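Next come two complexes built around chain A: one with chain B, the other with chain C.
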Partner chain A sequence: MKKSSRLIAGLVGLAGLTFAAAAGAQEKPTSGGTLNMIAQPEPPTLMVGLNTQGPTLYVGGQIYQGLLSYGKDLSLQPSLAKAWEVSEDGLTYTFTLQEGVKWHDGKPFTVDDVIFTADKFLREAHPRWRYIVNTYVESITSPSPDKVVFKLKRPFSAFLYAFELSSFPVVPKHIYDGTDYRTNPANNTPIGTGPFKLKEWKRGSYIHLVKNEDYWKPGLPRIDELYFRIIPDAASRAVAFEKGTVDVLRGGDVEGFEVRRLSKLDGVQTTTDGWEMYSPLAFIEWNLRRPPFNNKLARKAIMHAIDRDFIVRNIWFGLGKTAVSPFASTTRFFTDDVVKYPFDMAKAKELLAQSGIKPQEHTIRVMPIPYGAQWDRTAEYVKQQLEQLGFKAELVSIDAGGWSKAVSDWDFDLTFNYTYQYGDPALGVARHYLSSNIIKGTPFANNEGYENPVVDELFLKAASAVDEAEAKAAYAEAQKIITDDMPLGLLFEQRNVTIWRDKVKELVRTGIGVNESMDETWIAQ
Partner chain B sequence: MKTLEFLIQRLVKAVIVVLGVVILNFLLIQLAPGDPASVLAGEAGAGDEQFIAQLRAQFGLDQPVYVQLWSYLQNILSGDLGYSYRNQVPVAQLIMERLPATLLLTGSAFIFSLILGVVLGVLAAYKRGSFGDSLIMTGALIFYATPLFWVALMAVLVFSIHLDLLPPFDMETIGANYTGWARVVDIAHHLVLPTVTLGLFFTAVYTRLTRASMLEVMNLDFVKTARAKGVPKGRIIRRHVLRNAILPVFTFASVQAGQLVGGAVLTETVFAWPGIGRLMFDALMQRDYPVLLGVFLVTAIVVVLVNLVTDLLYRFVDPRIETAR
Partner chain C sequence: MSFFRRYAQNIGALIGLAILAVVVFVALAAPILYPGSPWQGVAEPLLPPFEDPAYPLGTDLLGRDIAAGIAYGARVSLLIGIISTAVAVVIGVAIGALAGFYGGRVDDMLMRFTEFFQTIPAFAMAVVLVAIFSPNITSITLAIAVVSWPPVARLVRGEFLSLRSREFVQAAVVVGQTGPRIMATQILPNAISPIIVTASLMVATAILTESSLSFLGLGDRNMMSWGFMIGAARTMLREAWWLSVFPGLAILITVLAINLIGEGLNDAMNPHLRGRKG
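Moving on to the complex of A and B:
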């Protein structure tokens, strides 16, 4: 229990050294060139503080930056903060800011921007940050021009994981202070601190970013221009990569079967790295307010009746890993010591018999999440397995708006959903299980209606633990109980594949992957 | 004078029709499950009650429907199409950005299919029963029956991927910064595949219509008379038959012209054409009501105007028709 071990500071020099060593071992980076990518679907805005959709982060991540970033092992990395320090009681967090950072309009980046972002902008506009700041933060102050101090009301072990781009994009005070953030016309001409600036956004066609000549890291960025193309048809996106029109495919840009085919092309590289911070985990969301899902044994029976390895292998083309726990295996606090559900129809039927549920009396409406064909196939498979158990089941097709509404209003029997983990269970996972989060109006809360005071207590205890071992023990216990209760039918951890042409170097460098500022990315000439 | 009276009468009707369309669309949209706030919250990957309430208040969705409708109508009548919920840009601006691309595509497809369809139809009728006739009619039948998106995908596969002759998508080479004629040539190059894809169906329709109508007229007495007088065959076809046979084609062309704005959603999607059809489709999926209503309004206006122009043109195409029907 050495609490001083929680003192982490001055990592910037170290990070610089590792980079130099890695680059020296390989080729020497060259500057210049144009990188072509795809923004799918077209983002509504590039203002990351107002929208955290995938493509918004992808493009906006080149314009805006977080206070911190995170490595592939989820280690903390400097971004707009070059160092950070945590007091021994876990209540005071001090960040030291980078020097000489300028906004794209030439104004200097100061500690006031960070305070404005934390205390005003994100508190009003960002649901996840609002929860953190209102629940835990007592004050945000600046003892000196290069330091910002967050004082907490009570310890929050996940606090340092809340400063990544999608949770804490730093926004310019001089543009937003005193305005209505959502309708500020500046949202269309984003001003950030990132390595690239918005040159032109031709809606429906492309987003064009150019090098920020005054970027705060000397000699960077290496690439001159970025194009994010809007190509609405999935087959056309595959063609675009095949023909060399685009150099990079982000996870989800093309269908699963295309991933396999395109990965085998000559001069093409792939990785599943760069999603560690998010680690999406897919699950069946069943409505615990309705029979048969209010019966724990029936839920367990259904879990045994679903061959999740089959789903990963055949429906998701192997791009995933069967889920063990509600925590992704790539994140901290994951444990393997949980209740498991191997595919076993005999056991499933036995459990169902014990549960007292008569399956033929229940018609289950299976509603796929409308995010593509693979989800539809998954829903069809689950429907088939429910029928194998004797339930009646029907598929309900719905579009994104209808789905969001139905789940938000708890008007569903069984649907599918997934969660981003955001590096710490308190940020990405707990929201689906805490009974305090049974709220209508969003599809990403505890929509299934799970209430377990023991789990609530354990999440609370882990989140406010000052000591990592204490958090670990509480989380281990929580994972065991959750996998026994199965309030959500855990399916699999999604593995997104980034595909790129050989000439693109240093593309996926951190745990937020292609959303990371592409300042060190370069193109072999 | 009669024409002027007709015109005024029709314009008044047109305004009423367009207003009716606006009101009907507005009410129909309310029936779709889910509102823009819930879609935006869903996309954001997070959202609490406060977030959604903020959005609803910002969009005015917390007002009763009749209040929303009334303020929308007031805005429309004062020429304001509103603000896109999602893009935070005036709807009129979004539509004006996209409209030229769509008009270029649908206009080219219109001209392409009309000319090619009539020429093929005349050829088929002229050489009735020959191999050429069978060939043309088989082709017409195939393209009449084949779904558009399949034709589009196959065209991309053959002409872009295998032969590498034509660009598979986009309206121009992105990043090339062509100007002047180089840009015109570049856009024309990109225009070929989508135009042909979009135009093939109507080409088939015109071919079949022209041929059938030509054959019918060719059997009429005045054609026999002309032939007996010794008028050359080519002249008979051009002056006597085609002129009289063109009316059904004209009617159908007016139908196609009515689709100039809203009829290219699929083609625009496959070829990543930055047009208004995709704007409409995206707006529908995202429940971006002001954009959707704006596109509907523009589409309705174009349909009404095209109908008006068609009715006026009938007089010139066939002077036997009275305008004041």
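Moving on to the complex of A and C:
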């Protein structure tokens, strides 16, 4: 299915209209007002190009913008690029930029900024983009002042999914060129193209953004001021929402059981939409270099011994879905036709007996990921189930830095982790399974040490496929093999709930949810 | 009047002793009362208390029996309380005795050393120590001991200072007893009452410190402890009060009992208070 050049410029206005119609119904948007939110935890910086943690994207997403955005169905949407075109051989990608865009300091946004971002800034500062640009991109050029062209060395079917805010935030060349990006003082006074500008950041208290009067979309943004409050205690965050101090709770701002309670309040709306691009999928990360995890049957036995529905229902308060495949069910290429692991202790014990592993001879160090109480409970549950199978298990306490180091250095027996999918398996999933990605130094690579040449081959084939059906077939087979091997103990797809007061309209509009520029969001007066 | 008669005059002290006896019994009998691990889920999650007679105090998020957790938590609390106090008393008595008996430069050096520890807030130092030597039961016990010996050292030094000039000590010097022997056989037995009273109260403080450490997530993750139970459940106070209230009561009652006992011991052993009604 070779496609001739596809031009999708017409979508520009359409997408906005569709979402407006769906969310706002008959109401007419009004301008003005202040929106109060929470940044949890307080971000280390707002410079999205240097840090892509959740709170950085949430606040920084109002300041910086990507070249593209993505709908809730992961369809491509314009952002700083108004149109895009792919050549027939899948090797040339041409983006047409928006006109009249200005940086917050008044300088015009040009094609040079995009080239600088792609070729220099992100190549140096952004691990995911660095991998893509070094592996696939041959040249980045500009044939005319409003167009930028990426020429690839070989086809890469996921390329168009690498341009949202967290993967490709466009940064100003005139501020960063020739400087040390990480120590540039401008990181404290971020200059972007987004609908809001940084006014004040009172550390430990709030981040205050104000309307960008020169925003490139006429008549927008509608809201005057944004406050991101910093409230370190989980219970206090729930109270702040109840009292109306904040209007919006992002997924993870309050604990699962609070979500249930707050959702039932009057005048409160909720959705699990707006996470489609990320679709976090949680798994047990076990070290395949060490026994008993080097034994495939033992891994299968443990999978059958863990009641993942119980984990979702009781520990995560139903805010999730038991994982079926390494691909989240919300993403492209997901298939249900895989090896499945229903909870079955008898079968688990039988498989363990077949494996030849004597569980009482193994002491498994269970290391929770230090991201809060629900992860702790998950670790305690898994430990308990390992003990049911006859293993000895002990919990290890560790802080965030220690966890990151232990996983990066492959110094663990069993831990927990989750992956963002970034819209395409080649971007979010493959990194955990490719043998070429068995690298130290990051906790988000193939740290478990999985080597399967067939899986490598299938991922490679799918990523370079120009034809979508070909990619689909390769990915379907990869999912089958991975669920049979279980190099990572797939647990569940996380469902993050955004909660807001219903005076806030058109808050969650795209597949990146509240990280999307809130230019069309408005507050009923 | 004998010591026990005097102690028994204090009703509060008797109640304290009775409560502590129950706590000790529960701690010792935990493996018999609840044969499985307290970490094992056994029933429906979040079962409220007083509904199912098999789980009178209810269950937590993972269906773990709260009553079993409290029984096993008593073991951890008492173990850490007693051992850390024993270690602290040994260190404190040794340093205080040397300083008080020899005086002069030895006294100066040892007391400056003690003051160094006294100037650092005890709990903050315990947190730092446990964080450095990854949290497990040994490091927690030692950390509590390290932060709690200075008051014992000051107390013992004071007792030794006043006792060493008494006639019976001078007599021992005259008959040629060595310094260490005089300290161990002449002075220490006469200074033992205040040490016992202080130590009994230190056990209560140690239990509270361990609970606070566990509450902050710095407990031994493989041992069920009261502080851990509260720390894990505190955010759910409104939804499932029984998860934190019962372990909280356990801490309150145990610490109260030990304090009552300490008070009773003080009354019974302090000659100046003899005749005071409890």
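Here is the rule we go by: the second predicted complex is superposed on the first by the 508 of 525 C-alpha atoms of A that agree within 3 Å, B and C clash if a C-alpha of one lies under 4 Å from a C-alpha of the other, contacts with A are read in each partner's own complex, and residues count from 1 in each chain.
Assume a residue touches a chain if its C-beta (ideal position, glycine included) is under 8 Å from a C-beta of that chain, and two chains touch if they have at least 3 such contacts.
Here the structure is a predicted model, which is why all the values come from computation and not from measurement.
After superposition onto chain A, the modelled positions of chain B and chain C are compatible, with room for both. Within the superposed three-chain model, A:A234 lies in touch with chain C and out of touch with chain B [touch as defined at top].
By the document's definition of touching, of the two partners only chain C reaches A:F257; chain B does not. In the superposed pair of complexes, A:S397 makes contact with chain C only, with no contact to chain B. Put simply, the three-chain overlay gives an angle of 30° at chain A, taking C-alpha centres for chain B and chain C and rounding to the nearest 10.
Legend: residue contacts after superposition of the two complexes on their common chain; A:D376 is shown touching chain C, with no touch to chain B. Ranking chain B and chain C by residues of chain A touched puts B first. Contacts of A:Y131 after superposition on the shared chain: chain B is touched, whereas chain C is not. Put simply, chain B and chain C get as close as 6 Å, counting only Cα atoms, in the superposed view.
Across the superposed pair, chain B and chain C both touch chain A at residues 235. Every residue of chain B that touches chain A in the complex is listed here, in rising order: 32-36, 38-54, 58, 86-89, 94, 97-98, 101, 153, 156, 160-161, 168-171, 174-175, 268-272, 274-275, 278-279, 282, 285-287. The touching residues of chain C, when paired with chain A in their complex, are 37, 39-41, 45-46, 61-63, 134-135, 217-218, 221-222, 232, 234-236, 238-239. Residues 34, 36, 41-42, 44-45, 51-53, 124, 127-128, 130-131, 182-183, 187-188, 202-206, 208, 225, 227, 229-233, 235-236, 239-240, 242-243, 398-406, 408, 420, 439-445 of chain A are the ones that touch chain B when the two sit in their complex.
Here chain A touches chain C in the complex through residues 234-235, 255, 257-258, 261, 314-315, 373, 376-377, 380-381, 383-384, 387, 394-397, going by the rule given at the top.
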